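Next come two complexes built around subunit A: one with subunit B, the other with subunit C.
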Partner chain A sequence: MALGFYLDMTMCIGCRACQVACKDKNNLRVGILFRNVHNYETGAYPNSKLYHYSSACYHCTDAKCVKGCPTGAMHYAKDGTVQHDDELCIGCQYCVWNCPYEAPQYIDELNIVKKCDSCKDIRDAGENPACVDACPMRCLEFGDLDELRKKHGADLVTSIPILPTSSSLKPSILIKPRSYALELDFVEKEV
Partner chain B sequence: MKRKHWEPGGGNKELRGRDEWVRISWDEALDYIADGLKDAKENYGNNSILAPTFFAAASNFFHNLLSAYGGYTFLEDTGSFGSFWFAHLYGLPPKGYEGANDRMDLRKAETVVLYGGNPAWASTGNRTYNMMQVKKAGANFIYVGPEYNVSANLFDAKWIRVRPGTDTAFLLAVVYTMLKEDDPVSNPIIDWDFLNSYTVGFDAEHMPADAKLDENFKDYILGKYDGQPKTPEWASEICGTPVEDIVWYAREMRKDKKVSILHSYAPSRCNNAESFPQLLMAIAAMGGHFGKPGHSCGGMHDQQAGNCGPPLVYAGTNYDMPELPNPVDDIIYAPEVWDAILEGKYNRTATLTRDLNNEGMRDIDIRVIYHVCRDALAAVVGTNKGIEAHRKVDLVVAHTLSLNSVAQYADIVLPIATQWEIQYDQGYLRQTSREFQMFPSQITEPLYEVQTDQWIGEELAKRLGMDPKIPFPVSLEQRYYDFFAGAQVINEAGTDYENLVTVTEDDIVWWNQNVGKAEGKPQQGRIGLKQLKEVGFYQVPRSEDDNYGHISYEEFVKDPGGNPLSSKSGKFEIYCQSYADVINGMGRSKIKPYPAYARVLNGYEESFSDFDKRIKGDYPYQIFNVHYLRRADTAYDNIPWLKEAWTSPVFINTQDAIEKGVKDGDTVLVWNQYGKILRRASLTNRLMPGCINLPNGAWPEIEEDTGIDKAGGANTLCAPVATGIGVSGYNTNLVDFEKYKGDPLTPDHLWPLRVINYL
Partner chain C sequence: MEHIDLTLFSICVQAAIGIMIFVAIGMLLNKDALFKNSVFAAVGLGVIGMLASLLHLGKPFSAIRALYQFGESWLSREIWFTAIFMALLVLIALLIILKSDNRRAIIGLAWGAVLVGLVDVFSMAATYSTSSVPIWQGNATFVEFYAATISIGAVLFLLLSFKEAVNMGRIAALAVAAIVIVQVAIVVPYFVAVAGNSSAALHGSLGILASMGLANSLKWIAILSGTVMVLWLVKGEQSKSFESLLAGSAFLLFAGHLVGRYLFYASLVVTGIGLS
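Our next item is the complex of A and B:
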């Protein structure tokens, strides 16, 4: 069992409430995003489609950011999520270079890295991560991936073409994709 | 604060918008304003004071204060609703608001038409989630509009593409097709029983008694009066919809299908769109899509999107102060207001909110512009002309939360407390949804020196020699209490309302000690006053079998004689004499009493210098403005996190952009005879060729030397001209564009904050 996020792309409207709730929870200045929403267009006029993808740390079970951290700042918590100890961080940014998802964010004024901690403090208090509860379409969830898979059916994937090939990291993610999010002709768009 | 070079009488007026600021005390500011108002009243009359905002109730500060002081010139704006104003004359609810069924009934529909509209961006909260339950219940969605937007995409809607402002042509051809294909026996499309029983004016046999013109809708469609049958081939040339899609849409409207047509107001915020609402109604009537489960046709706008019906819970309403009558009857429509200031005259027509008198041209000499509640420079069409008008008058005052456009161009700026700094419901939080009501609380002490609109009004009243109790008979604190205590909730049977809040003597003491000074009486309700204050909202739970469902027009359809509509005949008037008389009396442009095609000012055909030969003109692209999630219309376009999240690009059809050498992210210049803007381009295949989508609400940042608006204010490009009702035609404007040759734009979230560095 591993803990991770579930994203239902068939319900997502790309409103970025998750992104902004995350900034609010973590009090992040402009330029630093622990969660980010990207938009992609596929197909030709007039049959073009749009999809939105909300991503944060994947809390990989074989995380390169943990492996490559020289100080142990990036580490696994008891619940299996990838956590960061700010006190141990020396700002070397090995994790930034090692993560294919751009999850660790270097904050130059602090000379340390920070990233999504899956709102561990809120979860430890029995509630959902801020991004999950902010979603008006209820398309984000966080929990035991085996249970989430049971709950949301079999047609879930752990990667889509817009994402870097990273199966070796064993990202803790479940995605219910839009059918056209599996096409290869995507173009990222500002929306 | 005060503009450095302003002095009584105006000072150096040309420096408005580019002057420096001086910090002054509240007393100084209030004295300046009171003196300015006195000066205007005594020397030029009360109608020299203009308050260019609308909806008096949204901020009755200016309305009651200025009315008590002898009156002011009012700005009339069709605003969000466009040509749906006066819809009650042909039988729809006022402004076409409401009129569809509630969200539970919507799940019974087989076909849902989103006629324009994008609830995912324009009706935030859970509207889109609720509409997704309709999709999951099995309905097929159709989306009609020039851009396959986020909501259409979410619902996998079939895209019926129609150019901006050409909906009348499209729908006339839909009517033609329904008429041509209908056969009561072999192919029943039209509900003739419904037309004959519930409408007038469809054909020669069913004309209303007051008709002055010997013409009817059906014969117009068939081409009897102008020799032009309104065929799909005819319409397609104008609206750009493929002929097969027009035919498909017409068949989908058939009477034996459960069709719910939900319209936004985007197609009505167009020039010459006076026939559109009546035509949408006519087609719904032809299919019999009124007053039955699964069938409906009505508005999809803010809180009632996909969920029409009377409120199940609402806050106390007696906290609204009585509205004083305005002794001045000068009322100017928004697209004509800047010209009125600059030229000193305007056309006083029938109004939206006061009287139907057409008075013709009147002289007007505006000396004071008083902004409250609305950023009229960013929100009213013709921003550049608006700036010119601001630089003409003697005094411009702005009440504002932040340095928005009207504050930038004002002489005296008064900082107003936000919702979060006071114990009071300010306007829009009262409107949530039919089953949910917010009861907001103060969450922080007022920051710096902010004050409320009402405090300012009371202080000005004293300086103007009035008893503050005349304009403001109820204190803010009492209004806040009444907002809670007066709240009503539907009873379980769904038949009547009862008190929401239980109030005890102890509660009233507690309230006075902890919240504010207010009088109240004990009452019995469902939830304690303290508890409601703590929770901050009340929601009525819903289920498909509850007693709270709503089917619009149900009573009318059961008994049209006993439950007549608001029209003169009491039926849906497909021929409506009173509507034509009002519009034609205004003198801007003429309409028929039935829905008919009219060439659209700044519409598709006018993008050609010669439409017959298809030779493009100077401004060959149509531009329209959508609501954007970074801001709420013009409110709060200054939040760095939201600017980072929503970059506010200009959307251009991919092929159009490629032809001009424009790539994603390039800075483009978009211009017409009214202004120039810069934005970064986002190329999309979800937008019709020839169309440009510029999100609304940005705060103009106009460079003085080039005249270029770097922020891309939508109204920098919107023409300050009006047709028909006097509609603010945000969605019918023409432009050209090119890749910008100057320095590319920096992303908005990296721009300096709009804050003042005092001298």
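Our next item is the complex of A and C:
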């Protein structure tokens, strides 16, 4: 059993409410995002399609950031999520070079790295991560991936073409993709 | 000049390790030589390298914490082996100053430093080759790091200790030539091969390298001409201009590898979303 995020891309409208809620919860300055909504186009006019992909830490069960961290600042919490101990971090940024999902972010003002902790403090109080509750389309959920899979059906995937090939990391993510998000001719778009 | 700190760290520590390789060989081949100049230069380079590495950290005064994860992290192992190498190096320098008659201990420690140093170079290369930066993930990283170690170490050792280093000129020059041949044979085909890879991050790195084509050319010109010079010099060790030409060769090899290492860090593009 692993805890992780579920994203329903078929419902996501790219409003970035999740991104803003995350920024607000973590008090992040301009340029630092623990949750980032990406926009991609596939196909060509008149058959072009746009989709949105909301990404944060994947809390991999075999995380490269944890393996690579020389201080142990990146570690697994008892619930299996990847957490960061700010006190142990020396700001070497090796996790930034190791994570293929752009989750760890170096904060210049603090001289350390920080990342999405899946709002562990809020979850420990029995509530949802800020991004989940902020989503007006209810396309984000967080929980036991086995239960989320049962709830949302069998046509879920753990990767789509825009994501790096990283099955060895065992990312804790379930995605309900739009059909055209599985096409290979994606181009990133600013929306 | 982003990553100049890591460029200096890796080149200086590898140069110090390289010098000690030839010091250790020289001590076996020359009965009385201690190669003071080379050992002290290695200590100086090691200290410069370690200080430069601290500049890379957000919290340099907490650097000791990088030793906590030897069992898991290649970066932690790299720091461990660098620290042990430096400790052995300082011990050798102190023995040379205070108890230079204890030659057996000095030679034993020198070979210990070489062994730890070679493992350290491997750890440095593994630190980068296991990251999510595709351009660093090939054997070329290991070859480039060992090539810098041996090339720079050999010429600096000859330059600093050539009066004591009887019989070492030929060995050092041939070592430089051999490692440069391996470097060209592995690194050039590697970059030709990766150009056909579909990774967007890899192509991002290649694009950066292409935009710095002049620096890349200078790297290879300096390394190849420095190698030719040191081979040429060995033929006529007694010539009057030997010392200045040796200094020129050392400068070219050091500068070539320094520029190459700068390009190594400059080409950093991490695999990311949309860059698969």
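What we mean here is this: the second predicted complex is superposed on the first by the 191 of 191 C-alpha atoms of A that agree within 3 Å, B and C clash if a C-alpha of one lies under 4 Å from a C-alpha of the other, contacts with A are read in each partner's own complex, and residues count from 1 in each chain.
The working rule: a residue touches a chain if its C-beta (ideal position, glycine included) is under 8 Å from a C-beta of that chain, and two chains touch if they have at least 3 such contacts.
Quick caveat: nothing in here was measured; it's all calculated off a predicted structure.
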Side-by-side fit of subunit B and subunit C on subunit A, or clash: fit
Touched partner set for A:164, first subunit B, second subunit C, both or neither: second
First, second, both or neither for A:154, with subunit B first and subunit C second: neither
Subunit B versus subunit C as contact partner of A:11, first or second or both or neither: first
Dominant toucher of subunit A (residue count), subunit B or subunit C: C
Which of subunit B and subunit C A:53 touches, first, second, both or neither: second
Subunit B versus subunit C as contact partner of A:31, first or second or both or neither: first
Which of subunit B and subunit C A:125 touches, first, second, both or neither: neither
Cα-centre angle that subunit B and subunit C span when viewed from subunit A, reported as a multiple of 10 degrees: 130
Smallest separation of CA atoms, subunit C relative to subunit B, angstrom: 15
Sites on subunit A touched by subunit C in the complex: 36, 38, 40, 53, 55, 64, 66-72, 88-94, 96-102, 106, 110-113, 161-165, 186, 188
Of all residues in subunit A, those that touch subunit B in their complex: 11, 13-16, 19-20, 23-24, 30-31, 33, 37, 41, 43-46, 48-51, 136-138, 187, 189-191
Subunit C residues within the subunit A interface of the complex: 56-60, 62-63, 65-69, 72-76, 79, 127, 130-133, 268, 270-276
Residues of subunit B defined as touching subunit A within the complex: 120, 124-126, 128-129, 132, 148, 150-151, 153-154, 159, 161, 629, 640-647, 649, 653-655, 664-665, 680, 682-686, 688-689, 749-750
